[in-house]
Amino acid sequence: MAALFRASRNLLLGWTKHHALVSSRSMASKTPVGFVGLGNMGTPMAKNLLKNGYPVIATDVFPESRKELQDTGAQVVDSPADVAEKADRIITMLPSSPNVIEVYTGPNGILKKVKKGTLLIDSSTIDPAVSKEMAVAAEKMGAVFMDAPVSGGVGAASMGKLTFMVGGVEQEYNAAQELLTCMGANVVYCGQVGTGQAAKICNNMLLAIGMIGTAETMNLGIRLGLDPKLLAKILNMSSGRCWSSDTYNPVPGVMEGVPSANSYQGGFGTTLMAKDLGLAQNTATNTKTTIPLGSLAHQIYRVMCARGYANKDFSSVFQFLREEEGQTPRLTTLRKQDVGSPDAFKNLRIFF
Amino acid sequence: MAALFRASRNLLLGWTKHHALVSSRSMASKTPVGFVGLGNMGTPMAKNLLKNGYPVIATDVFPESRKELQDTGAQVVDSPADVAEKADRIITMLPSSPNVIEVYTGPNGILKKVKKGTLLIDSSTIDPAVSKEMAVAAEKMGAVFMDAPVSGGVGAASMGKLTFMVGGVEQEYNAAQELLTCMGANVVYCGQVGTGQAAKICNNMLLAIGMIGTAETMNLGIRLGLDPKLLAKILNMSSGRCWSSDTYNPVPGVMEGVPSANSYQGGFGTTLMAKDLGLAQNTATNTKTTIPLGSLAHQIYRVMCARGYANKDFSSVFQFLREEEGQTPRLTTLRKQDVGSPDAFKNLRIFF
Amino acid sequence: MAALFRASRNLLLGWTKHHALVSSRSMASKTPVGFVGLGNMGTPMAKNLLKNGYPVIATDVFPESRKELQDTGAQVVDSPADVAEKADRIITMLPSSPNVIEVYTGPNGILKKVKKGTLLIDSSTIDPAVSKEMAVAAEKMGAVFMDAPVSGGVGAASMGKLTFMVGGVEQEYNAAQELLTCMGANVVYCGQVGTGQAAKICNNMLLAIGMIGTAETMNLGIRLGLDPKLLAKILNMSSGRCWSSDTYNPVPGVMEGVPSANSYQGGFGTTLMAKDLGLAQNTATNTKTTIPLGSLAHQIYRVMCARGYANKDFSSVFQFLREEEGQTPRLTTLRKQDVGSPDAFKNLRIFF
Amino acid sequence: MAALFRASRNLLLGWTKHHALVSSRSMASKTPVGFVGLGNMGTPMAKNLLKNGYPVIATDVFPESRKELQDTGAQVVDSPADVAEKADRIITMLPSSPNVIEVYTGPNGILKKVKKGTLLIDSSTIDPAVSKEMAVAAEKMGAVFMDAPVSGGVGAASMGKLTFMVGGVEQEYNAAQELLTCMGANVVYCGQVGTGQAAKICNNMLLAIGMIGTAETMNLGIRLGLDPKLLAKILNMSSGRCWSSDTYNPVPGVMEGVPSANSYQGGFGTTLMAKDLGLAQNTATNTKTTIPLGSLAHQIYRVMCARGYANKDFSSVFQFLREEEGQTPRLTTLRKQDVGSPDAFKNLRIFF
């Protein structure tokens, strides 16, 4: 296992010694890097490139975002096409598939003016099928497209501690890695274009399943008389163990330093999880893959968004599933309240 | 429909020609009838027996319930055992399986003093396995037990318009029917002991599935731009048609005279539906039967009970599943809110 | 019910008296009609246009399909663009969204040579979002696009008995209806572009839910001792009633003339249902709509496709969910077989 | 892990300092121990008591099982009541709740002849509510009942490496532990009576959810182009990590020494998992706890039992969910096969 892991570590992360293989493009380090998409994630990422000595040529639809980056030393231009004119390495960080399509293939898109040999790295989290489309479109223009979605959130983006999952032509991986290591602590090569997205989507789907499963298991155990801390301990030394039970337990009082200890504030929002599960659902549907639990997890996070949990951490599913105080009438009150309708619908033949 | 129903009623029940089979017990009509369980359902049922000229000997755990029936002309005694001493036809109407077990086999239960040949009719909605157990216990004492759960609610109970689904020995069906027709408009013979419960449980499970299905379909259609009334009309002339779409539509504004037109008040409460789905779930689990949608419907009504819908009509699932106004941030605001945590959990290696 | 239906029929389908509103294009009846997509559905549809006296100008990717229609009297051309050059009313019938996009917007697509004022009717079953995109693209060229998916299958297509659900600009509905009534018995106007697709998707989703629900309910009832015919009758006079229980019952022996009476041959294939549920899933995901039962129904039909049910009628879900003969060990054999592993995995700390 | 485990063992069980509390009964070690239930699990457990020097007085319904243990040195008697007459510490190991009820409270049951102060330890996996009932019944006779279900399977039973999860009065825990450590490597005190069962049920429910989740995630990733070993590695260093992904991966070729490497033979059978999920489902239903994923996991293992997977390891869900070779027609063949019925059901108004 240790040997296997070492090997994989080289395979996945390494190559620092193999600079000889690096393409001429990435050799020319410290030449300008383009950046499109200066939102909460993109801005700190671009700043980290600046900190690492790369000239940055950036754009965004919002003038204030452009202004902020200009003040930090970047050159700001009007459109993705303008970025493509001035940089042969470009990073994009956008909220969803339609934005990516627009930024690459729209009328002022990157591909309108992209130079041959340009390296395009998209760090948005989108449908891998769109990543593949972009790669095909880029290739027609003589450019190379890679997908490199991140995990880690705004905090990790600021600290340069993101994890990148990278899909694309293996020969270009080193060139991409040179830039990505300025913004992240881990860079994992996943395979052909789209596999970066695939890895992220798969991880987050299993994460959601594990979290909901942990929430309902803890809830059941508590109702059966188990102490939550003890139950967590038993699960964590047993086959029920998962990241959500041992590292991010959703039950208040079981662990410190996690959102469940802080009213489910911060962390990874339910809306974001619902978005990622939507991507998992779409890719599964489109590839005719059966994902019964992933699909139900998607529906649960979707209904949570509709019921007031949109901005809470996704571990709040524990709270969502738990009986509210005083909500369910007990058996002893069944006589009074739990009966069918009196006269309101008497013309309706009700046969429950 | 009327003709169809008449035909099926004859087919199913066909009692007219079989009066010769009626046991001597039921011939002796207008002898006292015992009644145990004077809740919101049992009280009007017992009153309808009185109205039809049957002396009633009744009991209940609550003194005020006993008092109310005494005031209407019933003889009141202290325990189910006392009822069994004085009546050879007894009807029970209780909230759940444990109550039934207690009333029949407890220390002061019916079977302690039941006379040989007594007809016992249980109208509670309970696990059919418990019905079977009670039948076996009754048979040991020389008595006959039948299950006859009802549909229709308090209004139908008051008006004597309940529907009874009856399970038990066929030869005793006429004797049971004589009493049940005093309290209900329809009496359906379903087969051996427990099948009355089975029929009710099956109907209500399919009802729940149809209702949730209708709610999510209507919701999806509305979001895709369809007018709800038009969509209901299309479904109802097509293969999507079901009772919940054509008779009890859950979308406000589509039909009149149903709970969705009245803020989901009245009707059939979510708690009751959750209880019946719990019975369906238990019988399915115990018979190793796969019920994927019934099982998920159960979970949905269970979580609705936990989230404030306990006392609303079960068609309120439409409201539960629908997006609340202003809850989900739109894509355009993704830049501002839908991002991972900043610094709160920086020691935690988050890899979403 | 009859009255209601008549009323709705007038409302939905009518307008025969309003020919004065018909646009000049459709006035020019018996001018050529274009047809793209001559598969199992498209070919009989195009033939019905010929039978009704319309000259047809058709194309398809398969030469043998073109040949077949040419032999029936149609003029055959090489590409959708060629069709657009010669006809100002065009019907398309294609297997999926990508085909529609290609036929309309591809290099030899309809929109390359479409004439101003042309009426484009797409009868494919696809994502309503794609229908909307096509409508926007058509409008840019001065043409009008409507979606008009069908229900009814190959048999109904041959007999001209299809049902069309039509979405698009209301003023053009009569012009579309003139052609569609040559191929179908019912034409229903659903609203803006995409609502035809929406109506079909919604109906089929609720149909799938009702079918699986009926299958598991019937199965549960049978295992609880109910006669299947009697159970179906009880459901059908009660609130569990749905199209799958009263018109297309999935249990062999309950009804005649349905696929369950014929080894689940014919009817509506599981693969097709899985495809439609995939569309429902995609539209729900993309509109952030919660469809818990629809989503699970999708997964069930997906796993059925993977387990050998792809070409059986979708009511075969009854067979899929039912216990196979002799498959499950009974409790009495638990002692012998249902135990954990002996020595194979002794180094693995198993804690089940 | 070893250190962690030792720490947790002390923390959880902390018995070393409490020897003073040990009851006089357990002090009298090497007095006879009763054993009821000599199946595949019970027999090796009883043999381990013999090996540790305890005289064993045993019984079972099967004569050959009694004979086998007699040959190993145990004294064999005719009924549980007879065991109770001769031993004041009794262990029971039975397949399900009804057996436990019979063995304790039946006409020849333990409680008919149990001596005051007897310690009763039930290692069966059953509904915790039944454990509580047995404890109440035992207390009435002056005896003490504890639940102590095991994990580990036949192999662990033979090697004395079982894990026991123990519920019951804390003062009796040491007495129980003395015996259990002869048969198991880990003994965990969980709380009041029934919590041993609760802990096992909770663990196995989360295990099932994690396993199905891992199976569908791995399947999705593979179909999206990821190498299974690489995907497992990424998940295991990320938040998707769980026991089923890192210790018992269900995909053939990813790990060695697990059932997926051996055609899913051995391990933990699907039937057993379905049984445990049935217990989880029942306890959840009866406590009105919402377990959406647990409930769906239960349905999935139930349908697997019905479809030929009953005796395979529960990780075979990967195989069950995966597309079979050549099963699903591709889009290009849609023209030929995926169409509705021709003439078979022409009298049926089909509106899919």
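Which chain is which? They are A, B, C and D, in the order written, and residues in each are numbered from 1.
In the analysis below, contacts are C-beta pairs under 8 Å (C-beta built on N, C-alpha and C of every residue); 3 or more make two chains touch, one makes a residue touch a chain.
Fair warning: this is a prediction, and the values are worked out from it, not measured in the lab.
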Set of chains adjacent to chain A and to chain D: B, C
Most distant chain from chain D, judged by the mean position of its C-alpha atoms: C
Inter-centroid spacing, chain C versus chain B (mean Cα positions, whole Å): 36
Centroid distance [mean C-alpha coordinates] between chain D and chain C, Å: 46
Sequence positions of chain D contacting 2 or more other chains: 151, 163, 203-204, 207, 238-239, 247-248, 288-292, 296, 303, 305-306, 321, 323, 328, 350-352
Residues of chain C touching chain A in the complex: 237-239, 274, 278, 281-282, 285-286, 288-292, 295-296, 298-299, 302-303, 305-306, 350-352
Contact footprint of chain D on chain C as seen in their complex: 39-41, 62, 95-96, 151-156, 158-159, 163, 203-204, 207, 247-248, 257-259, 262, 265-269, 271-273, 275-276, 296, 303, 305-308, 310-311, 313, 320-324, 327-329, 331, 334-348, 350-352
Sites on chain C touched by chain B in the complex: 1, 5, 8, 12, 128, 151, 163, 165, 188, 190-192, 194-195, 197-199, 201-207, 209-210, 212-214, 216-221, 223-227, 230-231, 233-235, 237-245, 247-248, 280, 283-284, 287-294, 296-297, 300, 321, 323, 328
